[in-house]
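Below you will find the structure I want to go over with you.
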Amino acid sequence: MMQQLSVASLSRDQKFEGFLLVRSAEQRTSSNGGKYLDLTLCDTTGDINCKMWDGTVQPPRQGAVIKVRGTVQEFNGRLQMRIERLRTPSAEDDVDISRLMPCAPEAPGAMLAEINRTISRMKTPELQAILRELISMCGDRLNYYPAAQRLHHAERSGLLHHTLSVLRAAEAVLPLYPFLDGDLLRAGAIAHDLSKTAEFISDESGNVSDYSAEGQLLGHLVHGVAQVKEAARRAGVTSEYVLLLCHMVISHHGQPDHGSPRPPMFAEAEMLHLLDDMDAKMNEMEGIIRRTPPGAFSEKIWSLDRRLYHPLIHTSVSSSEDDSFSAADAYSGLL
Amino acid sequence: MMQQLSVASLSRDQKFEGFLLVRSAEQRTSSNGGKYLDLTLCDTTGDINCKMWDGTVQPPRQGAVIKVRGTVQEFNGRLQMRIERLRTPSAEDDVDISRLMPCAPEAPGAMLAEINRTISRMKTPELQAILRELISMCGDRLNYYPAAQRLHHAERSGLLHHTLSVLRAAEAVLPLYPFLDGDLLRAGAIAHDLSKTAEFISDESGNVSDYSAEGQLLGHLVHGVAQVKEAARRAGVTSEYVLLLCHMVISHHGQPDHGSPRPPMFAEAEMLHLLDDMDAKMNEMEGIIRRTPPGAFSEKIWSLDRRLYHPLIHTSVSSSEDDSFSAADAYSGLL
Amino acid sequence: MMQQLSVASLSRDQKFEGFLLVRSAEQRTSSNGGKYLDLTLCDTTGDINCKMWDGTVQPPRQGAVIKVRGTVQEFNGRLQMRIERLRTPSAEDDVDISRLMPCAPEAPGAMLAEINRTISRMKTPELQAILRELISMCGDRLNYYPAAQRLHHAERSGLLHHTLSVLRAAEAVLPLYPFLDGDLLRAGAIAHDLSKTAEFISDESGNVSDYSAEGQLLGHLVHGVAQVKEAARRAGVTSEYVLLLCHMVISHHGQPDHGSPRPPMFAEAEMLHLLDDMDAKMNEMEGIIRRTPPGAFSEKIWSLDRRLYHPLIHTSVSSSEDDSFSAADAYSGLL
Amino acid sequence: MMQQLSVASLSRDQKFEGFLLVRSAEQRTSSNGGKYLDLTLCDTTGDINCKMWDGTVQPPRQGAVIKVRGTVQEFNGRLQMRIERLRTPSAEDDVDISRLMPCAPEAPGAMLAEINRTISRMKTPELQAILRELISMCGDRLNYYPAAQRLHHAERSGLLHHTLSVLRAAEAVLPLYPFLDGDLLRAGAIAHDLSKTAEFISDESGNVSDYSAEGQLLGHLVHGVAQVKEAARRAGVTSEYVLLLCHMVISHHGQPDHGSPRPPMFAEAEMLHLLDDMDAKMNEMEGIIRRTPPGAFSEKIWSLDRRLYHPLIHTSVSSSEDDSFSAADAYSGLL
Amino acid sequence: MMQQLSVASLSRDQKFEGFLLVRSAEQRTSSNGGKYLDLTLCDTTGDINCKMWDGTVQPPRQGAVIKVRGTVQEFNGRLQMRIERLRTPSAEDDVDISRLMPCAPEAPGAMLAEINRTISRMKTPELQAILRELISMCGDRLNYYPAAQRLHHAERSGLLHHTLSVLRAAEAVLPLYPFLDGDLLRAGAIAHDLSKTAEFISDESGNVSDYSAEGQLLGHLVHGVAQVKEAARRAGVTSEYVLLLCHMVISHHGQPDHGSPRPPMFAEAEMLHLLDDMDAKMNEMEGIIRRTPPGAFSEKIWSLDRRLYHPLIHTSVSSSEDDSFSAADAYSGLL
Amino acid sequence: MMQQLSVASLSRDQKFEGFLLVRSAEQRTSSNGGKYLDLTLCDTTGDINCKMWDGTVQPPRQGAVIKVRGTVQEFNGRLQMRIERLRTPSAEDDVDISRLMPCAPEAPGAMLAEINRTISRMKTPELQAILRELISMCGDRLNYYPAAQRLHHAERSGLLHHTLSVLRAAEAVLPLYPFLDGDLLRAGAIAHDLSKTAEFISDESGNVSDYSAEGQLLGHLVHGVAQVKEAARRAGVTSEYVLLLCHMVISHHGQPDHGSPRPPMFAEAEMLHLLDDMDAKMNEMEGIIRRTPPGAFSEKIWSLDRRLYHPLIHTSVSSSEDDSFSAADAYSGLL
């Protein structure tokens, strides 16, 4: 991606050329009857209202990345960009989307490939067949869905990121507890949250506008059980694995108050619940600690029901440590 | 049904002829190598161990009603019946099964017919189609399943009894709240507990031996959602009614602590929850009050978390009132 | 009631003649020493500040309906009505008070008559005597008191409306549960909330300004028990019915967290609690669903601890259905 | 009281003469048609079955103290006393009832006198009038009622004991919090538990057989409010003190889960709740600690939800300290 | 203290001379390069921004009392004081600090002396030694620390005030429960909150800016146990008293939800918990009742989870009673 | 260890020679005045009462392993061993203690060595110093203490086993969450439960007789904080690490109801809590699953508040899998 100005740094009369994310876009009619585009475009540093007076251009869809060229102006005391050209990125464009929206630290394609490799290495054909159906039923949404509207993994491809992290954690602890059925735990790790693709509505940038009716009236756990049963029907699997996987999905929040009408009732289900909780908490805490100066306490975090402390001991090592979290975390790639 | 002695009234050397319920039955081998039947037979007043020394007779299955002729003997200080003849009832036998096991006060066939009439009168074809599939998926079990192992409607055909009672209560309150969608409420009343036929394992007398693995790991609410989705798939229904009915099933226990991961989120779902709760409580309380003398308190009832009081004012009117609950409640009919 | 303009539709220089509700009224002294009336008048569509410069007119009391004639003016950018004439309605005026304030859908006189007819048909003289004393102790307030400051039945005559609805629900379910003592349940339905007339302070339009000290320090359940005991003393009743009715009053909220130090301990008390809850929930939900478009979810309702969904299936039938709830619900009558 | 043998020390063929408590007594008819008395008599060390073969003697009432003379025999391997003479104690008998049943450490007459002196010294005539009515309404029961069936102050006159202890605690803390209204707190201390005389059924020895219907269906807090209102009506008091005292009664358990539908809403009500809790806990803990050896932990005490520890440091001073709790605590007096 | 104007009464062009509390103070540099002092000074009636243009004066420290002489001016529509002279109070100044900040009603020196006298009169050398170490470890902070940032005893020397009040309450109730070990209860009363001096950060005026890291990560109960152990180590005490005192500190909040991982497990620990709770509640309620007019209810108090009522009966006696709480409560003395 | 008979397999008149664990032992005096030893000896299959009539032998201490030679006899219908010779094992004896008592699957020496190696590799000298002091303060008890009286790791050396498992889990997840401070997490893993050596009283076989007074009155979390502070004092460490480690100890149970007055307030503390919970749950579940046949549910496990299911799918692979848990898990070694 070529060098481009960040939205937060723009000032009046500046020329801008680069890639931006479409937060909203619609065609309007001006008082003189002409049509124009009204857009809100953004990168991770902020957003700006834009006008394109060419009435022939169709509005890009929300969540898309576009390339624009324009000039920054001031209108009623606020900055506004007058867009001269606008196009969708081509394959040659080297867009760094992590500068446009919060993104998972790895590319969705690579993450999905790792999950598929794990499925291929399993020794339980029934589970393999069900998992492949489930992933196929998610379709394209798996690439960009976040894991939540707020809180943990609220980022483009966050659902894949969280799924893969739980899977990796499962691989890490399996050697310590060899009585666990490895393939059952792996299958639960991969399947547990896939129904989030039906629970809320996300655009391609990973921005969630709302919960779906299905998401509100059933939730991704109950819907997930129906999905596992449907996948098993399609794959022709009728063995006990269907019931076990259904139970892992419905119990992975651990207790009724958190949405699970049944607690985990075998060890692999309990381990899935623990790793899911661990990964969500670590992801959320990492974000909070980064925003809190060493030696200080955060505001009260309602989802965790506590304030967090950023230990002073992190101060001395922060320069090198911080490096490992910022630039290196990002990934570049074609959309 | 001809007059027969009650099990509790039997004494040594008495002849017995009549119908009894098979609590358990197995073929054994005596010390001299001969085969014989060892049975426990019962009616609602008690049970008795029985032997039939004819090694050629196959053991009847648990939960079945059989006709026996035999003689009461004493063995090691306890009564035992030596059975001379044993056969399954024929169509001519007029068996009053309500004397053999706790039974719903109406015949299963009549109850199912009333439910089917209600379905036929509905004006919503999608709901009719789903309900007919659901009832068909229950098969024969609907005739004899109880609604619970203990507590409310723990009786043969108790599931039908409870289902019909909730449906009747729905009809009774619908005129008071005309903003409710009548067919949606009726459909919820009929469908809400049907998955109990997969939750536990009952013999034909309505005696529950245990919960099924599916019942323990998922429960009848979660399983019920999958059943509604499967029924809708078979019936080719894809409209919003599928989601609404699924929500009514998953939310009908009202709150997470009682097994519903979602509270009722529209008025028909709330009304279903209230009527389900009302019918279960009334059925349970009626049984407790009957066992408690007027002016006295029951033991603490754990499921209700309280003791119950039988008001003294019931005393004066008990003679006529009691009549309306005993003989008249029973029904006679062929099995 | 003659046609009159709604407050929300008023504009400058318009003439107005019609009936309005007094939200507040006081006599003031202008800077030149003259006395005038400052009033806030309203109908269900909004309110408007009014001045009447005739210093001899006494301010009407809050909650009253008055007939006014005046002219709409603008003062400091807001509309204001200059009132030329003002009088209390006469018997000939055909005031539709349901346009002036939220009202129960039936007239208070008719509702009270239905309750009294039910009492007359009872076969238990002790309960009849107590109920008549209780109703008499409420006096005039029973006509206009709402059932709550907010939430369910927060409308003029809402207390009568809720009382009658619970009574009707009791009549509807009694045939289904014949072991219940009908008169005891009817008496509980009538008596359970009557002490709300002492719990808060309402003007004649059903507008609650605050809770009373008695309401805050004891609540209508505890106060209700004392009222039942006082009514029984006056009526000379000493039988068990007094204790049973006291228990139904104190237990009708069902559990300690909801204000009942005792749970319902006999079946009629439990049924009263269930029907009271049902009627309150249905009334509240009906209002919320009406304010929510089909296919949408409401905001989170704190009293219910959930969001509500207005099913899409209601859309197609809404035209005819809505009719049955609006105009037909209102009643007209002399004050 | 003359020296008499303790029941636990009796052995076969011993003569016994002394006072015993009647646990139960009834006239029976022997197989030869003669009438005799069958009694269970006890002191604090145990009980013994007794027979009096004189058919003309009427059975004494349960809870009474009687003087008996008899001989200990053995029947079917258990001790039994054959009673030769039996009479009610006369005024000359110096009965130490604290050897016959658990008793409050002070005489009921003295305790009541102290309470009445406190009432006389109050400066609030309304409160004085209400309190005198309330005490009068308790009648004779105040002399012997315990404060509970089990737990704290389960002893003859325990209700007076607890009432007086709370009153003394109120006097002790009033100088520390001078903003409190002393008479209001004193009145609450005296009135708060008086309705326990209607909550359960105690014989004259302070032995509680059961809760009353009123006690179960309303409880002493709700009933207490009605009693205060009735007392105020009789005394002709209508001032705010009636409401305040009612609130102190209904709120003195502090929170809904403990039976108070309202929390204490002014400082005197809160202080009453705290002192009531303090006195109950101290009385219960004192009993538990005495039964637990120094250095040991008690069993788990369910009412306190914990085990208690008897500190070792008490060991060294136990000899003198124990004195202050045993003999000196007892009181002697005529019944 | 000489008469001085209250901050709330100041008006433009007025001269002021008197003592004020330093809320904040810093040396700044004006646009012309000169140095000046910018201060916020206050008394209990309000605060005022002040400037002292003499660049040579060092800023006083936050929480200190200073004597100032200046003139009130207006700047940008707000009052501001131009300070001509500023000095720290001398021993001759008779400063009434209770007019400058919320103060405990007794002087810290007198309160500490009373606590030390109680320690001296104890008969348990081990407890005396531990308590003297603990008080010594608090150092100077004991003089001015409040007991809390908000809620009860949020006043200069509030920690000493609360400690002494609990100790006095212990002395008041000890005669009523003679089985309690008096010295152990006294020791607990003195020690229970001393670690609050490490829990938050207070300036000398008793104003708390924040919790310390130790206060947030451990809390004063856990930290208090470590302090008691350290004090015992320094004092060379190893007997059971160390463990008992540690338990009293860790259990004095009564239950896990309030910060005590153990409930009080012997009677002295329970009594400490009850008296601590009583004193905190009475102090908080006294403040709320004073701010609420007789006959009115307060807003909902979140820490108490209820509204409070100021009884009307207090009205008639308020004139004399109020006196006893205001002027007489204050104390005068040198800092 | 030579072949020896298991206690459960013993029968009358059998000779026995082998090693057994002393459950209890005392010297008694027989009716003829002679002294003898009365012992209860056991292995993991059961226990047996033993007599040794040689009055000169001193009773071995409870929890010790001894070598005995004797003859099995029958006395009053129960087996009893008459012991002829008894000695403590020598270094040459190859005792397999895992046959005598439940033991951790690895030798304590090896486990402690692995923990010490981890400490040595840390890069934080303050943490190393504190950890070494803490381990040294545990002394010999670390070798044999279990992690609990019941539930998880209730086995000889179970405390070391649990500590090491949590440490290994920490190493396993650290690469997945690189923002965590590795040494801080390792230190928490090692230190979090060490105060269990003071919480209960275990003999050398890992059998817990009771909780200590310190364990009951403070608990291992609160005591652990004091131990960390004492260790830091001895090691001369005063940096923030002391506070952080104290917080990890006090918060590692996660919430107040589980004994932690503070929740984990930085990410390393949260991770420690999660891993501690994971290891305890996995250890407990592994034991339960092993005792439950495939396809069956366990009884309700109170500590987990649920029943557990042993999936049928484990059946087919059980033969090889079971091997990996039984013999291979045991370790042999000299005591």
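Letters A, B, C, D, E and F name the chains as they come in the text, with residue numbers starting at 1 for each one.
One rule holds in what follows: contacts are C-beta pairs under 8 Å (C-beta built on N, C-alpha and C of every residue); 3 or more make two chains touch, one makes a residue touch a chain.
Quantities reported herein were computed from a predicted structural model and do not represent experimental measurements.
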### Neighbouring chains shared between chain A and chain D, ordered by label
B, C, E, F
## Note on the structure
chain A to chain F, mean C-alpha position gap in Å, rounds to 44
### Query
In angstrom, rounded to a whole number, how far apart do the mean CA points of chain C and chain E lie?
50
#### Entry: Whole-Å gap between the CA centroids of chain A and chain C
50
### CA centroid of chain C to CA centroid of chain F, Å
68
### Query
Tell me, which residues of chain D touch at least two other chains?
213, 216-217, 240, 244, 265, 297, 307, 309
### Query
Looking at the whole structure, which two-chain pairs count as touching?
A-B, A-C, A-E, A-F, B-C, B-D, B-F, C-D, C-E, D-E, D-F, E-F
### Message
Under the definition above, what is the set of chain B residues touching chain A in their complex?
### Response
213-214, 216-219, 221-222, 225-226, 229-230, 240, 243-244, 246-247, 250, 256-257, 259-262, 265
### Summary
Note: in the complex, chain C contacts chain B through residues 165, 168-169, 172-173, 175-181, 184, 239-241, 244, 263, 265-267, 270-271, 274, 277-278, 281-282, 285-286, 289, 297, 304-314, 321, 324-325
#### Entry: chain F residues touching chain B - in the complex, by the definition given at the top
295, 297, 307, 309
### Query
Which chain B residues qualify as touching chain F in the complex?
213, 216-217
